[in-house]
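Chain naming follows the written order as A, B, C and D, and within any one chain the residues start at number 1.
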Amino acid sequence: MAAKQAVALVAGVGPGTGAAIAKKFASLYSVVLLARTPASYETTVKEINESGGSAIGLPADVQDEASIKSVFEQVTKQFPDKPVAAAIYNVGGVFTRKPFLEQSVENFKLGYQTSVLGAFIFAQAALPHLLSATKSESLPHPPSLFFTGATAAIKGSPYLQSFSPGKFALRSLTQSLSKEFGPEGVHVSHLIVDGIIDTPKTAEWLKGAPEGSKIEPAAIAETYWALHQQPRTTWTWELDVRPYVEKW
Amino acid sequence: MAAKQAVALVAGVGPGTGAAIAKKFASLYSVVLLARTPASYETTVKEINESGGSAIGLPADVQDEASIKSVFEQVTKQFPDKPVAAAIYNVGGVFTRKPFLEQSVENFKLGYQTSVLGAFIFAQAALPHLLSATKSESLPHPPSLFFTGATAAIKGSPYLQSFSPGKFALRSLTQSLSKEFGPEGVHVSHLIVDGIIDTPKTAEWLKGAPEGSKIEPAAIAETYWALHQQPRTTWTWELDVRPYVEKW
Amino acid sequence: MAAKQAVALVAGVGPGTGAAIAKKFASLYSVVLLARTPASYETTVKEINESGGSAIGLPADVQDEASIKSVFEQVTKQFPDKPVAAAIYNVGGVFTRKPFLEQSVENFKLGYQTSVLGAFIFAQAALPHLLSATKSESLPHPPSLFFTGATAAIKGSPYLQSFSPGKFALRSLTQSLSKEFGPEGVHVSHLIVDGIIDTPKTAEWLKGAPEGSKIEPAAIAETYWALHQQPRTTWTWELDVRPYVEKW
Amino acid sequence: MAAKQAVALVAGVGPGTGAAIAKKFASLYSVVLLARTPASYETTVKEINESGGSAIGLPADVQDEASIKSVFEQVTKQFPDKPVAAAIYNVGGVFTRKPFLEQSVENFKLGYQTSVLGAFIFAQAALPHLLSATKSESLPHPPSLFFTGATAAIKGSPYLQSFSPGKFALRSLTQSLSKEFGPEGVHVSHLIVDGIIDTPKTAEWLKGAPEGSKIEPAAIAETYWALHQQPRTTWTWELDVRPYVEKW
């Protein structure tokens, strides 16, 4: 594998959206895949490298400042002088759906930490690199900082008190960053992915639903890529994607 | 010009966004440009046809049911057996910015008629064709019905009482149509374009602002095209585009 | 009946919310009840006058500038030198629930005209009086201009294309007026009433639903009154009311 | 002091909103004032008791489950057999306004913990009491669980990344609880207080602004009280209060 002209990081890479985004961004960049355990990214890293792309995986805990700091140091070492063209926070909020009075404070914290504390830490580590990248003349597109959200980011629901607050908070964080760093040339967006994503894990879900009721990871990745390609004159800051049959 | 496999209509074609969208959709479809006066679309029609595309222009008054009905009859005659792949309502709301007590009922009605009554009439004429198109096996992408909105669609402001209500109403209409026709296979979206669009008319505006402070019509068109390409599993229903320096 | 120190107008008085609001505001003001036909307000006018209050009814067509202008002239004649303490637009949007392709342009226009064109005309006639009232030293509360909205003001739904756009537009109009006239001392608010209101017409509705599933007109009126009593330092601009069992 | 028929708790009592709410609710209930340090509530407790009301103060750390659990045990002991008529979470989010890259993870956590983790813990302890209270026949109004929000709950802004995410999250939590416990008879509301509140601390702020530019705590308290009085048929779930001159 030969390093590309720039680097894209994807935090939260499982077999679904994260892997698809990494593959798409690998068409132009060396990609760095982050997940808590290597098992989550190994197959994707291999696939990208075998098909002529450039990818590495790094184990990372987005809730841990030191871990994320270390990730960016390794990226700098591995890809010296390569600007960071994109940093994508795709970490799913961990949550447990249950009646509020049976919910634990631990679950509530966990939902928050994965959805938004991790995003805060990741953004703080990524932004200095993205700001530098705005000065790079070799980048074809403005550097991007994208966050994957959920419909729970705009609507609270019963039994989702361990999930939805973190997603609301992530949307707020994204807006604050959009407004602070947009004028600096970093494209910060919040992308709501609403629906069941078609992954091995969900293979048996929605049996009997109309064909096409699950969101395709590859199509999500196309949408992220379309946003990344936008010139700074014409940026999308917030969008949603949902299957055609979704109620909302 | 040889007709393409399908037809796309763009209502509201001036020298800015509408023309850019028409050119982009002409890469795959025969395009039909609608405007109140032929002067608004003649140059664009000529450019598309001269560069190997297929375009016609038709004068149309979106506030007039008979006029729009006639448009679709002409399209059917001109492009027999071609499915309608996209219908895009890009008519700008006419408005006059002034203190409420100096505003006329006529201006208020005009803002409403151009923003949302026209959209209603256009959608009613287009939807039977778009529904038919969902059955077509030759179409590469799901048929699309897109509406151009504004930030005034989500926030009322002083002195904008003749403009913003129509834009709110258009967003409501789009949501109603999304939810009724999405499950039928028609991709209905509301795209907020927020900022000064870079056109001949605005050439002298924003003097002294940072470079890139105006939205590029071609980049808007790319975003519409990206949405049109989405498979029905993964549709964007609402998004915004703004320049990087925009306050919102 | 002896005229009170100030006048409150309620447009859209049937046997439900409008009548309840009129009765509540009659505790402090002479009230003027407006409806298309006297049958809508006669009983309420009588009740108020018989219980020691001061009320008149005037037939009015909110969609007709001349009609509303005439109403305010009559109010000035009937209550000379009395400031207008409140003007409340409670006209229900007329609508027909049906599939979009079966919906008529006439119904669409009607929904818009009753929901928002009438509000525009009413507000233009009322605001000069309300602005004058901000200078009155005898008024106990800031003059108020309130609009009754609906959940359809914030969410589009299938089959509601003749209703929801007008309600979205009304919310926009209210925001524009809030921001223009709030700093002038007029309290402009949008109150979403979401649910079945308990009136003679709905007596047979929601059979089998839990007790208390319908909104009480008198309780709505208390909420309008609570807002009217707020000092200008502490105004509510938007709120909702719903029954405890309502899904939203 | 003689205990009233029921108890109301107010968490987050300083010299502003919390104290005013406690005084207002003391008109009908024994009130329990919670703050981290007794200095925050001592004066208010004394004032209420001296003017014929019934109040106690308890030191409490809303971020600490054990502390809040202990508070409710003490309440039960102090007011045996008295239902809990209202529990109000008015704890201000601690925050530090600064550029994102200078912001610490500690500040971010602190904003979250005070705004929403505390609300979660407080709600979990309060809800069993409020649910019991729905069965009480002596209560004049439905039991209420109110949360004080901020405009930062609906709009992210530059430099507010340590504050706004927690406030978004609190609004989400409130919605989840509204939808789960509303049908059970507990009135759960989110009240946005937007603007500078008139307190000793802000006495020197907004010099030169128009008279009445600060929100009055007593008027906020009236609004909370108006909501508490609403019957379950007609509840407000979300509202805002702002000064008449506020931009929003």
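Operating definition for what follows: a residue touches a chain if its C-beta (ideal position, glycine included) is under 8 Å from a C-beta of that chain, and two chains touch if they have at least 3 such contacts.
The structure displayed is predicted, hence computed values, not measured ones.
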Inquiry  = What's the farthest chain from chain A if centres are computed as the mean of the Cα atoms?
reply    = C
Inquiry  = So the centre of each chain is just the mean of its C-alpha atoms; given that, what is the distance between chain A and chain D in Å?
reply    = 35
Task = Find the geometric centre of each of chain C and chain D from their Cα atoms only, then give the gap between the two centres in Å, rounded to an integer.
result = 31
Ask   = What whole-Å value do you get for the distance between chain A and chain C if each is reduced to the mean of its CA atoms?
value = 47
Query = Taking each residue of chain C in turn, which ones touch at least two of the other chains?
reply = 179
Key: Chain-level touch network, classified as line, ring, star, complete or other   = ring
Request  = Using the touch definition up top, name the residues of chain D that touch chain A in the complex.
outcome  = 65, 99-101, 103, 105, 108-109, 112, 116-117, 120-121, 123-124, 127-128, 152, 155-161, 164-181
Request  = Over in the complex, which chain A residues touch chain B? Could you list them?
outcome  = 142, 179, 182-183, 185, 187, 198, 210, 212-216, 219-220, 222-223, 226, 229-248
